[in-house]
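Which chain is which? They are A, B, C and D, in the order written, and residues in each are numbered from 1.
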Amino acid sequence: MTTAAPQYKKKDFVSDQEVRWCPGCGDYAILNGVQQVFAELGVPKENLVVVSGIGCSSRFPYYVDTFGFHTIHGRAPAVATGVKLANPELDVWVVTGDGDALSIGGNHLIHAARRNVDMVVLLFNNRIYGLTKGQYSPTTPPGKVTPSSPFGSVDAPFHPLTLALGAGAGFVARTVDTQIKHLREVVRAAHDHPGFALVEILQNCVIFNDGAFADYTGKEIRDDRQVDLRPGQPLVFGKEHDKGLRFTPHSIEVVAADEADVWDPADPNATKAFRLALCDEPHELPLPIGVFRAVERPCLAREVHEQARRVTEQLGAGTLQSLLDSGDRWEVA
Amino acid sequence: MTTAAPQYKKKDFVSDQEVRWCPGCGDYAILNGVQQVFAELGVPKENLVVVSGIGCSSRFPYYVDTFGFHTIHGRAPAVATGVKLANPELDVWVVTGDGDALSIGGNHLIHAARRNVDMVVLLFNNRIYGLTKGQYSPTTPPGKVTPSSPFGSVDAPFHPLTLALGAGAGFVARTVDTQIKHLREVVRAAHDHPGFALVEILQNCVIFNDGAFADYTGKEIRDDRQVDLRPGQPLVFGKEHDKGLRFTPHSIEVVAADEADVWDPADPNATKAFRLALCDEPHELPLPIGVFRAVERPCLAREVHEQARRVTEQLGAGTLQSLLDSGDRWEVA
Amino acid sequence: MTKPQNDPTPVQEVDEVVIRFAGDSGDGMQLTGKQFTDTTALFGNDLATYPDYPAEIRAPAGTLFGVSGFQVRLSNRDIHTPGDRPDVLVAMNPAALKTNLADLKEGGLLIVNTGNFTPRELEKAKYDSNPLEDPELAEHYQVVPVDLNDITLRAVEGLGLSNKEALRSKNMVALGMLYHAYGRPLDHTEEWLRGKFAKKPKVLEANLRALRAGWDVAANQELFKVHYRVAPAKLPPGTYRNLMGNQALAMGLVAARHLSGLELLYASYPITPASDVLHNLARYKNHGVLTFQAEDEIAAVTAALGASYAGRLGVTGTSGPGLALKTEALGLAVMVELPLLVVDVQRAGPSTGMPTKTEQSDLLFAVFGRNAEAPLPVVAAASPSDCFHAAIEAARIAVTYMTPVLLLSDAYLGNGAEPFRVPEAAELPTFPVRHAQPSGDFQPYLRDPETLARPWAVPGTPGLEHRIGGLEKEDGSGNVSYDPVNHEKMVALRESKVRGIARSYRPLEVEGDPDADTVVLGWGSTWGAIKGALKRAEDGGPKLAHVHLRNVWPLPDDLGEVLGRFRNVLVPELNHGHLARLVRSELLIDARPITKVQGRPFGAEELLDRIRTELAAS
Amino acid sequence: MTKPQNDPTPVQEVDEVVIRFAGDSGDGMQLTGKQFTDTTALFGNDLATYPDYPAEIRAPAGTLFGVSGFQVRLSNRDIHTPGDRPDVLVAMNPAALKTNLADLKEGGLLIVNTGNFTPRELEKAKYDSNPLEDPELAEHYQVVPVDLNDITLRAVEGLGLSNKEALRSKNMVALGMLYHAYGRPLDHTEEWLRGKFAKKPKVLEANLRALRAGWDVAANQELFKVHYRVAPAKLPPGTYRNLMGNQALAMGLVAARHLSGLELLYASYPITPASDVLHNLARYKNHGVLTFQAEDEIAAVTAALGASYAGRLGVTGTSGPGLALKTEALGLAVMVELPLLVVDVQRAGPSTGMPTKTEQSDLLFAVFGRNAEAPLPVVAAASPSDCFHAAIEAARIAVTYMTPVLLLSDAYLGNGAEPFRVPEAAELPTFPVRHAQPSGDFQPYLRDPETLARPWAVPGTPGLEHRIGGLEKEDGSGNVSYDPVNHEKMVALRESKVRGIARSYRPLEVEGDPDADTVVLGWGSTWGAIKGALKRAEDGGPKLAHVHLRNVWPLPDDLGEVLGRFRNVLVPELNHGHLARLVRSELLIDARPITKVQGRPFGAEELLDRIRTELAAS
């Protein structure tokens, strides 16, 4: 729409609303990172639309000075689909939580992924229902004692990323609230990907699930317990960058860094991304972060508008008069 | 509950209701096959419960002489979860269509899979909305002209099986309406698997989507275009049983029969099943049918009841009196 | 092509005739009826149609539940319903005869396809003996037995079709016969067949032959004792088009898109009997209209709301069970005060109910069906062609008042057809919309003093960045507010806004007898039956007046005064008394419901009887 | 532990006192209030509490929106509300003072934590100057300034806690002070602290020291001019327990499980303010009660219905937005006629609204909120402890009549607490359920002639295999039927069944002044405020009677007769007039609503004012 890319600072994306998360909540860091990314995008701020559902995380739109729509629980991807269909020029973002996106909103999420609606979904996964005071969520590990599972939860959790891959998502990534540089890179890559892009952000809820990701994200152990998936780079990890991952016909194995496979998130077949998304299952493998999959396919809003354009070309632009003049008619004098 | 396995004939599972599908509909063959399986299960018929949503396929419960609940559109897996939680002794079946299960009902399906609710889901996939007269469904290939897509559908379809695998389903299989022996075997295997079991049944809708699967299921080409996934057997296919499939570190390839990999649906990691479920994407590979995955993990209803049993053991069985006697109390005289 | 010159059959002019086609789901009765209707429409009759088909797509042949019916009434006068009981019944098989005979008027014309009265078919229809052999039949009706199967097979001989394929054309034989009986030309149907079977020349030829064979048989075998003629109707002058309600509704939405200048997104999930609105709209892609088939009704309504947020006219459509799923989102639409149009083509319930049958039983749900205080206006269409105008009215309200609007239609209106007088563009109200423009200190909840509408500030507009949502808002700024007094104020404001819509209604019209002390108050699709009942009451009484509500909620400001002029207020409804309840609670007037909940509309005669009974009881 | 012997402060006996604790979300005001309440309850006062907290989990410290309040009223009499305005306000910081001071009674006791009146905190509370320095304050209130921070830090010295950790105990200082002022023992709270911090000995010690320090400061510094004593209340004899409404509701469900002999499944999706019902029930696993946290409200209600189908008592619970999602399934429950209990703990709306605030605005949604004719009964709880009995009544109706039942509570009842007189088991109604037994020709829709209930035939029972669903059913057989007359009959039967439930109600009781010509008609949580208003009206009038509806729908059969005895019918409701609308439409009685929609309950005094105004206007 506009030609010269506007120049923004992070503070241009800070709204006048007081931020109301708990002190220490991981959401602050994410907000900060996303505001920085917004400033760097070069997208006119009036074209940015942030849609959310309900949850602590879903308060996000109030805090960014763009167009914002805090909708109802679980429905943000569907609202956002409507926004994007209405005006494909808009830059549409969805902010959601593990409950909002995966519990009540699971259906809209997988359908947005399937249809490849061009939007970025930031899934704040704190593995708990924050806003309703700490019940287990669809990503909570079994056994957890919460107000609704006083004797321990017996529900098996989702892997958000395998779910998205199973639904056909074209872009799937993971990052961490406290790893702000990584977060900014991944969020930026998600934005730049044309089509549906899901970013799972591991987010610490200090009140109800403090330290849920400490096993992977603690400063001390991080390098050994994470592997960053970088396009075109070998799958290397470890404090000393000495370890790597290699795919075998039937599995995946830890090898020396120089034997590691090179990562290609653009592989049209999602199988390897799926394999990596299961990495936290047998705990011996590091947790992959970064971009699991980045494959382009036709985007819904573009296809819909393109079809309308073609039909209009064929039939001519309809007017009120042409509408009234259509069909088998007869005159009564 | 009962000890001596009852002896049934297929006709014991034929209800007194007139079957109301279109002449030639694939649903007839499936009904017939499932009634045969029911007769063979050895399960007392009063313990069989068939729950369905809405759609042509969802009329199924009326035609089998068991307990049947024809519920509302998309909600059968949730109703069935309630049935199973209420009484884990019941043998719970869900019958659903591609619209019922994957469009409106997608969320309940993936959550039942995640929680591993012990039930068999028979998904009649005719890639169309039959009952509402032929609109495209979430499994309809793009480009299809239907009443709601007069210029061709622009929606990308789901792979039902990758979706289920992404959601963590423990048992995932595929069969075909007209391959009745295969259908019976697969349905039987699904039943015998403890936990959530999804069977996608390719079903021909003669009225609105006739021949949708002809590329894979035509009598002439079937052997070359299908590969049957049999536990412990090599992945062999072709009229002459001369071709096979082999996994490479990065993909899957067609090889001579004797070089084919042996199929193990019990592999705890779902990656290979996921790879096979994508086989129809590049059309050069045969369509896998049979059992993609069969991995046991704790079943929801059993876990819930087991936890209640343990708590009861610890606290003693509650009574009305013990309820009234609980808590910090004081007397007013 | 009129009466062949050598045909000695006498011709009788009649004012109107009601014909019902009834046959197996596979017999093409809907198509046959529609062809007869279109030809009739082009001839200039007024008409009204009523299809009545089973929920099954193709129920097994010959079964009672598989019977599909299509009724058309044609008249030389202005009519408003498809007629109570048919004068002519075409019964394609025993099941059709069994399920429809009771409706046929005494002395009516009964055309039966004897070719299907085989023992097997009789058994499927649960006949113990062949009813055609019962001499009583001919005592009550003019029976015309014809073996349509045989005629068809002979007509298509030599085309190389299987018997089964050939017999698919037998409906055309029946149609040809009726065209002869009513002196209607074949050309419209012939042309239509040529289009439909352009790629199947054999099938085309079979159908054309069958159609002509029907005409010929009627002519040569003198099947009918008289030929009827229904003269063109003296309708108001203008251009007409035959439309089903769902078609008219779709066209009305497209018109609203042009009248408002907004582009439109229709987001919907298929459901009987509303799917045809989606199907029709999907063809208007060259009109700035997009359709989105959502994954469910919740996605449909929220996507429509998203589209409204982004500046389009967001519309969603469904039927009862789907409306149930939209209620949460409607509350959000009320809170964020965005325009949104929700079409409910009502059907018989509760729950899945009888999906292909009609009912008006969603009214109270439309008015009160949201958690907490979430008022919204309700507009209802009165007839198939009125669906066009009702859609425009609903859109006008939505964008003028920045509010979700419920537009009620029903299965009877949606599937029924009648001539639609195509308006001149200039007759239609324009309501051009101007989205908010950048301003110094933009306040998203600062209201228009007249309408109380808030500004519509669309993403993409520089300087209007703002945030809305489902939490209570501070008056003016729209910021989240938990202030108790602000909440009370906002609840009252939202209510006043909706209440104030009534100020934009046209004054109520009272039709009927000026001396009446009974008023019949109607809404929605009972309009035609009430008009019919009033016409009949002109001879023999009682004296009745008629008030119809196009805008059902909020109730019109003048309703209390108007109803207050009458001793009796009777409210016929296809439900258990919804409008009557609203009138009673709002106006404390003893409005008495006359209810029918059978999945079918009132007949005019039936309704008059009910009115008489009700008045006798009071 | 009562008054220390050497304390010269005079003691004053008062009938009752209302205390409000207000502080930052992180200050533990809810815990502090609850401790004071429990101690008070054990002492034998009657009491009622009302927590009022922000939607944010831990709003940033010191902000106005982050203030959390807890009000408790203790009395030596039978009381029914937590009181209108506090006699005592504990303000932990400037924000708490600012948001609560206006409510404090003239001359009331104001305890302020001066330690938090720093420039930074004052600024966050948007104070221009320190309000404690304003001499007016002391003119209107008995101000007791204490530096709780300082006291706390000194009390815990030597424990090796950081300042931040130490200050977490300052609420205990405030509590200790109040215990002293009201002569309450510390032991209950000490014991509770020992349980809570069993694994954190340092924190335990800090809290214990802080509690005692508060007591000591009050004693030694003679902070209070008088010591108040509220004598134990003359409650009806029995065993009492202090319960919040949501707790009582959960207990009522567990009791219903025992009284019916059915096992119970509670399927729910968390939502404020209903989640505590789930949390409470989750602890009753040894009572034949299972809980299922579903993926959403639709899954919750359908799973509960599935459980009912399988022979359990299926219950689901939610608040307004969640109820919206359950409406489609409720239609199914009506059609399949299975027992199902749906709890709605109402909150302020529309849409997300003000999730932690109270309202009664779901009543019309409960009554009419389903597509088509889908009647179901509505039961409402009157007070926190009545939630217990209301739950049993709702369950009784559900299983006796084979129907879904809506049980309405609200945020005020759910979170409020009061003494619950624990009934004897024998006082409670039993309603043992007998599922259908194998019979010759089982008919799933053959009804009990008295209740019109159909049999409950449970999977697993040999010989009762049958099929049900959402399509219309044939009377008796339950087979799918599209027959028009059968449909009308079934709609009428379902309505009669629900209507007939009213025959099982107890006769209405009219309380209050026997000479009154005004009746105040209430339902749900306004019960206490209405009782309070009537008590106040005893001096000064007007003469008022009170009728309360426990069973809100169908309306009681004797309601018309009872209301007919009065000239004025006033209906106080925390909505825009829902019950008034129902009374008007059903009975054509001019019931006049007195509405409040502020997210807070009526105060008794306020309500009496409103009643007076309303009567003056008429």
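Here is the rule we use: contacts are C-beta pairs under 8 Å (C-beta built on N, C-alpha and C of every residue); 3 or more make two chains touch, one makes a residue touch a chain.
Since the model is a prediction, treat every value here as computed from it, not as a measurement.
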item	value
Centroid-based (C-alpha) most distant chain relative to chain B	D
Pair with more cross-chain C-beta pairs in contact, given B-C and B-D	B-D
Mean-CA-position distance for chain B and chain A (Å)	29
Separation of mean Cα positions, chain C and chain B [Å, integer]	39
Inter-centroid spacing, chain D versus chain B (mean Cα positions, whole Å)	44
Whole-Å gap between the CA centroids of chain C and chain D	47
Residue list for chain B, restricted to those that touch at least two other chains	54, 72, 103-104, 106-107, 111, 138, 151, 155, 304, 307, 311
Shared-contact residues (touching 2 or more other chains) in chain D	55, 65, 285, 295-296, 321, 328, 331-332, 336, 351-352, 469-471
Touch list for chain D against partner chain B, complex	38, 41-42, 44, 232-233, 235-243, 251, 254-255, 258-259, 263, 265, 267, 284-288, 290, 292, 294-296, 298-299, 302-312, 314, 328-329, 331-332, 336, 422-425, 428, 459-471, 479-480
Touching residues (chain side chain B, partner chain A) in the complex	103-107, 110-111, 114-116, 138, 151-152, 154-159, 162-168, 246-251, 261, 267-272, 274-275, 278, 281, 297-298, 300, 303-304, 307, 310-311
Residues of chain C defined as touching chain D within the complex	54-55, 65, 320-321, 323-325, 327-328, 331-332, 334-336, 346-354, 357, 359, 361-362, 364-365, 367-374, 469-472, 482, 484-485, 487-488, 491-492, 494-495, 575-576, 581-582, 584-586, 588, 590, 596-600
Chain B residues touching chain C - in the complex, by the definition given at the top	18-23, 54, 56, 72-74, 103-104, 106, 129-133, 135-136, 138, 147-151, 155, 207-208
In the complex, chain A residues that touch chain C	1, 15, 17, 44-47, 49, 51, 54, 61-62, 65-72, 75, 78-87, 89-90, 107-108, 111, 304-305, 307-308, 311-312, 314-321, 323-324, 327-333
